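There are two complexes below, and they share chain A, which is joined by chain B in the first and by chain C in the second.
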Partner chain A sequence: MTELIQLLWSGVLNGLCYALIGLSLVLIFKTARILNFAAGTMAGFTGWFAWWWATKQGIPFLLAILVAIIMVAVATLLIERLTIRPLINENFLSIVTITLGLEFLIANISIRMFGGRAESFRIPGDIQFKNFEIGGVRFNWWHIVILIATFVILAIVGYIVNRTELGLAMRAFAEDKDAARLMGIKESTVSQWTWTLSVTVGGLTGILFAPVLFLQQDYMNIPFIKGFVAAILGGFTSLSGGVLGGLLLGELEALAVKYAPRQAAAALPVIIVFFILLIRPRGLFTRAKAHERV
Partner chain B sequence: MTMAYNEQTSSSSASAMQRAGIPVPGYIKRNQILGAFFFALTFLVIPQFDQYTTVIGFILVFAAVGGSLVIAFGAAGQFTLGHSIFLGAGAFLSANIANDSYGWGRGLELEIPIALAVCFVLGLIVGLPSLRVNELYLALATFAIAYVGQQVLYEWKQFTAGGSGKPAGDLTLFGWEIGRGVPYIRLSLIILLIIFWICGNILDGKTGRSMNALRTSETAARSAGINVAWLKILAFGISGAITGLAGVLYIHNLRYSGPENFNVHLSILLILTLIIGGRHRLAGAIAGAIFVKFLPELIRDVQDYEGIIYGGSLILLTLFSPRGLIGLIESFFQLLGKLVAQTPLTKFLPKDTKANISPADEVTSPLQSATLAGLVTSKKRGHLTVQDARVIFGGVRAVDGVSFEVESGKITGVIGSNGAGKTTLFNAITGHAKNAEGHFILDGKEVSNKPIHVRSLAGLGRTFQNLNLHGDIRVLDHALIGLDRNMGYGRISEAFRLPHVVKNERLAYEQSAELLDHMELLEYWDEKVDDLPYGLQKRVDVTRGLATNPSILLLDEPAAGLPTAEALEMMKHVIEYAEHIGCGVIVIEHNVELVADVCERVIVMDAGKILADGTAESVMKNEDVIAAYLGT
Partner chain C sequence: MSKKLLRLLALLAVFSLFAIGCGGDDDTSSTSEETAEEATEETVEECVLGPGVSDTEIKIGSSQPLTGNLAALGVQAEFALNATIKRINDGGGIAGRTISLTVQDDEFNPEKTVTNAQYFIDQVGVFAVWGSIGSAPTVAAIPLHDEAGIMTLFTWSQDTSLFDREAHPYFFSLNPSGYKQAVAFSNYFGNKFDYGSETPVVAGLVLSSPDGEEAAQGVRDGAAGAFEGGTQTWERDATTYQPQLLAMKDAGVTDIYTVVGDTQFAQIIQEMDQVGLEARVWGTNAVVTSNLIDLVGPLAEGALAVTVMTGLNADVPGLVQFREEMAAVGASEADLSSASMLAYSGGLALEAGLRAVGECLNADALADALLALEDFSTGGIMAPINFDPSTGLGNQGAIIQEVVDGVWTTVDEG
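What follows is the complex of A and B.
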């Protein structure tokens, strides 16, 4: 029993990572119908950047995180303005191509800037190495931090999307672009802040999980793929669906490690998701839209 | 004297195709000659680049994959991120077949056909998600497949030796040893030339045309009788097979490969290569491959900045030249052409034939031409029976028990207020309304519950209320897409452009040109429909419907938005042609004047039911109709 709980807990932890990346992808997709292939690399870059400020520049840990997040957010505003905005009314493919280009570009910049060797992200008090036990189940302090931080992020994103004017504009765009435009909502503003919000969520994920995954050149790539899968599971247009999808995938993986044959453990969850997708192409948590008019 | 006289008569009764200057489809195109020349040149100068053979080998592999992606992505529009697994499958198949100790110790003569066959089947499987999802979701699904595929390669130790990988076998062809370096590159070049020739043939034939139709409008492609589902997975199959063959070359070039080479990143790089080069042309595959694979070698130390160069150029190209490097070159030549046109050099340029189409001989209308006569059948047709058609959306009975019969060769009008269920009735007849009930019998054949394309092939043609045209495709091709059903050639003969393929293509071109001439669209044959004014687009839509040689043609508001005179003119041509091929026409129209003018019979619909049915005069006098539709 304790073993199972331990397993499920590790599933929750991975799931949170996928959920956050999934959330960051869904945020952009829902409002702007853009698939951001650079999300993982951008998240990884932020993680590296925070490490760079903390370790190489020697500024305090929390300040380093803040500086990294703010600088990446500003860079995102710039990137959005220069590369995404001009194509905002083009077809889906051109912007996807742009994000693929960004992926290559940022990955390369990240190697040039941070060296590309594996590093470890040290946290004050080394709490990522400190554990405590409840009823035989071991918990890591940093994991608890991740859990709390994730809830805070989810709450903030939920507040922005559901309670602020920006969120209202975002939802309006998600529902009907043309109608939203006619209501006088500026598409450029929505696009710009959606991107910033999405990249910030991704960046925080990159920082939160850097001590767990270890800083490697492309340490956010696998979480990106999994976050992707999580978003698919959630139907790619539902914020809560993406988060639930992430948790579900995390648990599936944890259980596969124990109950599936070793060779299949890595691929099984993705295979399961693939079949889910064949049956329910629009994800588990979304209802089908009314049919299109001919 | 006699000869001169003959010449004159033949020129005055020239076919529409000659008058419009439409090039006759041949075996080889100008671009192919240019391409072959390029290959020959590379073939000869290759020994000069001895130290670059591995890089050149990679360029050839990437170009081959690019060629295959031009089919699946460029033409059929299937955005796939799964091509790394075909490359991996081809590579390991080759390693296993060619190895002496654990394989069969055979050469390329076995590696290539097996890689082609296995990857074709694999392609059909990878293509399955495309039946359910498109664009974004397809990218996701194929992305997942590529990811799982690599895991399979890692775990299938017998096939790939797991993480340690397998060496390539000896490079032989029918026992004849091929040297590494230059001889190998020359062999790859020949293989690439053949691949490109086949890809080009497929793209020029009916398969390429239907793929382009599918990319630009799936609904319209179905209505033109294209089996969209099969075509989509076929695109994956063909593309997968070619990429598998490229995989064989890949491992021989690298001499050793493990599963780690075939990751998702490679898939992305493959599609990026084509986007950089330009996905609308085979030449784009080569331009992209050279750019992505050769440029980093050319400049020392540039490898460290590969990502910045790829990513940066991708972003710049997407922003400023969406058609890739080839698009850039094309615009350059267009600009050059414009500049030359302003100088005295202009007299050396070929004359623009489109601008001045010589008028046809007044006596012979296009309908009397021998080519169009071939479409006329003696079979009696144009007979449609609709029995108790019902379509229900939620609680709304959009079509509620409609029954009628259309006699051969009659023009029937359907009128009714907005929301009366007219278009839904059409959708029920053609199969676009999925939940339609009732019986639909066309020329004695039951077509109920058949998919859209089968109904279309059975003889139901239609147009769309909201212009479902194939955006960036030429007007001429719209007619050809409709005629493709008559093409008497298979896809394999198409790939090799056998003589009967060319013969069929020529006939279809002639017929299309005559049809365009009849519909007064001939001078626009080379225009993309997106660039045409609305009135002409409407006419193209109707022409496409006519080109399917239907038994019953359903026109959904063909005159909407047109001035009455223009609409009448168009309908006159439609009816002439319909009578010529013996097809019945049912037309939904709001323009009562037009309906009264052209329709022998008018059906009035209201709230999903037939309110009145009879001649135009009798219907207009019907009190129910006046109350419900014409108003007081």
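What follows is the complex of A and C.
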């Protein structure tokens, strides 16, 4: 039993990573119908930036994270203003192309700023190297921090989306863009803050998982792909769906290694996702709007 | 009338003879000229310079992962290539030629390696591609190299298919195939390693690919195969190795043979600690870097590697020269690694081959010169080099290293 719990816990850890990246993608897609292909690179850049402040500039760990997040958020506001907003009413492909260009640009800035060598993001007290056991199941302290931080991030995003004017505007745009415009909601403001919120969630994910995956130039690219799958699994327009999709994918991956034949273990989660989408093309956690159901 | 006719015939005969005589002279003259031309042509044929070779320059390309998760290795290898070129060029070049190097980033992506190969062939016009890293990138690019008649020299790749000089006549390597390295580990483990009183359980953790399967088979085929505890595979898009490590923990694995880069090795060591898997972990050349120790600190202690090169702390003259030349091109201590040592050792063999060839440089001549090297010394960095004509492999040694007090240390050679 402890072995199974240990395995499920490892699935939870991966799942949290996919869930947060999935959430970051869904936030933008739900509101602006934009697929941000730079999400993984932006998340990784934030991780590197926080490391740079903490390790190279010597500022305290939490302050380094705060500075990195604020600076990346400000940069996102500028990027949104200069590259996304001029194309906001253009076709889907134009903006997707812009995000692909951003991915390339940020990856190149990152390699120039931080170099090609892998680095370890040391946490105060080296807690990423410290473990404890409960009932024979082994936990790592930093993984516990990731779990708690994920809940805090989800709670904050949930609060913003469901309890603030910005969230109301975001939901209005997600529901019906034209009606939202007629209600006087400024699309540019919603776009600006949605991007900032999404990149902040992604950036925090990059920081949280830097000590787990080590800082490498493309260390968030694979989580981005998995987060993308998670978002599709969740329906791509459901915030909770993106999160649950990520957790489901993480568990499927972990269980497949244990229970599937070795040759099929890698493909099995993808095959399962494929069949889920065949049965429920909208994803597991979304329902058709009332008028579409009619 | 008949007399006149006879005179005419006689005259014609004389003219004919004269003409034949003259013709004979002419023919003799033209045969002599043709023979001379043929001789000249033969001389020219003997001295057809290879692509990328001029009277003053030899152009060489290298495709390296300068970004991505193997970027550290690519950067380290590039330093070693530059160190070699600096040594040769500062010494006046070889046969009046200096070496120019073009390095392209491939991000360890085979598609980009192919693009780079095309660039080297069509745009730069290189004589050889030297020191590239990775099996998949090399396997993808080598058909282009072969077709263009350019050499594929001293790559850090271990796919068995490369070690076939009938298929790849210009492929030379100092790094054995993954299968051969796995057999070397397995035999060392089964025959020499002191694994204590308990019966060991040996498992492979390899990439889910033909390359990885070959390595796993190598472990089974060697002496450690008697202690086989299964193989776990990982995918290129794996986020963590925890599920595989947990499966090994359940199977009571005591020794894990991995075929991964140093960053992945660091992640495996960290995750072994996180899931409570107490086993020895073995790597290949790719893990023998100071970066590994920087990444996981004390957790790296006791990690083992089966390599083809000596440890950086070994007291051999080749390493002293290696350190000096690397420092001269701006490399730091962190850049001294298996990647840079392998590229550097390849550079020593390349230099010896080029000097043996002299002026008339082409791929066939250099291939012959490399094959003619006998017990070529790298100053103790690796075993004496003798290239096998059938495989192109020049290094048959196996050296065991272990992280002791934060330093990769040679614990066995053989």
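Convention: the second predicted complex is superposed on the first by the 288 of 294 C-alpha atoms of A that agree within 3 Å, B and C clash if a C-alpha of one lies under 4 Å from a C-alpha of the other, contacts with A are read in each partner's own complex, and residues count from 1 in each chain.
By definition in this document, a residue touches a chain if its C-beta (ideal position, glycine included) is under 8 Å from a C-beta of that chain, and two chains touch if they have at least 3 such contacts.
Computed from a predicted model, the values in this text were never measured in an experiment.
After superposition onto chain A, partners chain B and chain C are found to clash with each other. By the document's definition of touching, neither partner reaches A:W53: not chain B, not chain C. Once the two complexes are overlaid on the shared chain, A:A264 sits against chain B while remaining clear of chain C.
Once the two complexes are overlaid on the shared chain, A:F173 sits clear of chain B and of chain C alike. With both structures placed on the common chain, the touch criterion links A:N131 to chain C but leaves chain B unconnected. Within the superposed three-chain model, A:F114 lies out of touch with both chain B and chain C [touch as defined at top]. In the superposed model, A:W195 lies in contact with neither chain B nor chain C.
Shared-chain residue A:T97: touches chain B; no touch with chain C. By the touch criterion defined above, A:H143 reaches chain C but does not reach chain B.
Of the two partner chains, chain C is the only one that A:Q216 touches; chain B does not reach it.
For chain B, the stretch among 257-265, 329-337, 545-553 or 581-589 that collides with chain C in the superposed model is 257-265. Overlaid on A, the two complexes show chain B and chain C touching the same residues of chain A, namely 107, 111, 225, 263, 266. Partner chain B is touched in their complex by these residues of chain A: 29, 33, 35, 37, 83, 86-87, 90, 92-94, 96-98, 100-109, 111-112, 225, 228-229, 232, 236, 263-264, 266-267, 270-271, 273-274, 277-278, 281-282, 291, 293-294. Note for the complex: chain A touches chain C at residues 3, 6-7, 10-11, 13-14, 17, 107, 111, 115-120, 126, 128-129, 131, 133, 138, 140, 143, 212-214, 216-219, 222-223, 225-226, 253-258, 262-263, 265-266.
Remark: chain C residues 66-69, 71-72, 74-75, 107, 208, 231-233, 235, 237-240, 242-244, 246-247, 249-250, 262-263, 266-267, 270, 273-276, 291, 294-297, 299, 334 touch chain A in the complex. Chain contact summary for the complex, chain B toward chain A: residues 79, 128-129, 132-133, 135-137, 139-141, 143-145, 147-148, 151-152, 154-155, 219, 264, 268, 272, 275, 304-308, 310-315, 318-319, 322, 423, 427, 432, 434, 464-466, 468.
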